[in-house]
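For reference, the structures are reproduced in the following blocks.
What follows is a pair of complexes built around chain A, which joins chain B in one and chain C in the other.
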Partner chain A sequence: MNDHSQLLNRSMGIIYPFIILFGLYMIANGHVSPGGGFQGGAVLSAIFIAKYLSQPIMFLDLARVQTLEKTALLALLILVTLFITLNVYQTFIQVIPYYLILANLLIGLKVACGMTIIFYRFAFYESRE
Partner chain B sequence: MRRSYIGLFIFFIALVVIYQNNLIPLSVTKPISEYVIKNAYTETGAPNAVTAIYLFYRYYDTLFEALMLLFSIIAVIYMSVHEHEGDRYDE
Partner chain C sequence: MLEIALILIVITSITAIQTRYLRQAVLYLGLFSMAISFVYLMYGAPDVALAEAIIGSTLSTILFIVALQKYKIYTIYYALQADELEENGQLSIHKQQLIKTLEKFCTKQELEAQIIYSTEPLEHIIAQHQYALILVEKNDVITIYAHPENYKFDSLKQFLEIEAHPRYHYEFLKVEEDIL
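And now, the complex of A and B:
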């Protein structure tokens, strides 16, 4: 994977925005169409796999990515706890779709960070050359 | 010694939970799936019933699933430190 193919570099550069768009679409429309936080997050983490395919260099601070992931999980815990305990949804049923979108966004962020960490760990720490 | 105490504690909690479960038996007259298919849209406003289930009816499942993913990532980080020993990425 160390020979930098011009073709691969260019095609991956074209693909990035479409991957981001598709992942965000899956997350934001998770409560309407098939998809959701877990699937959209896995699609978003494909950005970094494509980045690795075109330029196999370590440019991420994985500790910072893990902090972001833990923060997303904490925010998800707080959001769901507030949603259950405040009981707003029994009087205002219109709140629920916004809650679903927010929770899906947090799950997507968390899964994207997690998959990125797993991939970079296996790619840079477990590769025997 | 501390670990066996923790194990005993978890076992005790499991016994209590199983006993409580027997006290209040869940009586379901018809399959849950019928209820969800009928009422998911009117109760949550989400056309996708899967999202309605995993974020509304069964949110504990989702929370612990997310937590389990975090644990698996911690395990991957812990197991994959054979090369580049002493890097700042190693925790």
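And now, the complex of A and C:
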């Protein structure tokens, strides 16, 4: 995987936007159609894996990605706790879809960050030497 | 359609176990994931099917292939006497032939041979270095010590039985964990 294939680079460049679009679609429509935060996040993490396959360069600051992941988890916990304790959904029933989309978005962010960290950690640091 | 997918699951899982090359086994596992995600879809669980298709057949396949890429270097230590190394690294024809045979084995197994000539004693190499094989020569008998986690050792034995050396005889030993 050390040779930089021109063909792979170009085709990956074309594919990126579609991967992002598909992941975001899956997250945004998770509450009405198959998919959801977890699956959409896994699709989003495929961006960085595709990036590794075309150019195996370490360009991410993994500590920052980890902070982002933890922030997403914290925000998700706060959101769910507030939603349940404040009882907004009993008075305003139309707020539920927005809550679901927001929660899915946070889950997707967390999963994408987590999978990216696992993959990059594995690909660049773990070896027998 | 469902029956075809179910039969495909059985076939791919058996071939994944039975195949000789790890790389092919990984690909069969990817196919298996694809088939089983289709089965989930037919049973009315599209969410599970999506997760299985993404994680099982894409992410884990790539992870396995990257792992195999990392596992490819096969380190062979050749323990020599000090006077044998001094002649400008010129080894005898028999030794060169032995090295060539081992390199042939590695090419056949999709591995990259890394051969290190060493004058250190055997115990020192076992304790200090990362190795797959250690060759020790004594009175035309080559003793091959293998690392306890060396999963290619049995195929190496079979290979060397077919490719006999004109001068050397082989003896195979597996380094036990408790010696380390």
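Here is the rule we go by: the second predicted complex is superposed on the first by the 126 of 129 C-alpha atoms of A that agree within 3 Å, B and C clash if a C-alpha of one lies under 4 Å from a C-alpha of the other, contacts with A are read in each partner's own complex, and residues count from 1 in each chain.
What we mean here is this: contacts are C-beta pairs under 8 Å (C-beta built on N, C-alpha and C of every residue); 3 or more make two chains touch, one makes a residue touch a chain.
As the structure is a prediction and not an experimental result, all values here were calculated from the model.
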Looking at the overlay, does A:86 come into contact with chain B only (first), chain C only (second), both, or neither? neither
Just chain B (first), just chain C (second), both, or neither: which does A:34 touch? both
Does the superposition put A:53 against chain B (first), chain C (second), both, or neither? second
First (chain B), second (chain C), both or neither touched by A:43: second
Touched partner set for A:122, first chain B, second chain C, both or neither: both
Would you sort A:110 into first (chain B), second (chain C), both or neither based on which partner it touches? first
Chain B versus chain C as contact partner of A:74, first or second or both or neither: neither
List the residues of chain A that touch chain B in one complex and chain C in the other. 34, 36, 122, 126
Residues on chain C engaged by chain A in the complex (per definition of touch): 46-47, 49-51, 54-55, 58-59, 62-63, 66-67, 69-71, 73, 130
Chain A contacts chain B in the complex at 30-34, 36, 61-63, 66, 69-70, 73, 76-77, 80, 84, 93-94, 96-97, 99-100, 103-104, 107, 110-111, 114, 117-118, 121-122, 124-126
Residue ranges of chain B touching chain A (in the complex, touch as defined): 43-48, 50-52, 54-56, 59, 62-63, 66-67, 69-70, 72-73, 76-77, 80-84, 88-89, 91
Of chain A, residues touching chain C in the complex: 1, 26, 34-36, 38-39, 42-43, 45-46, 49, 53, 115, 119, 122-123, 126-129
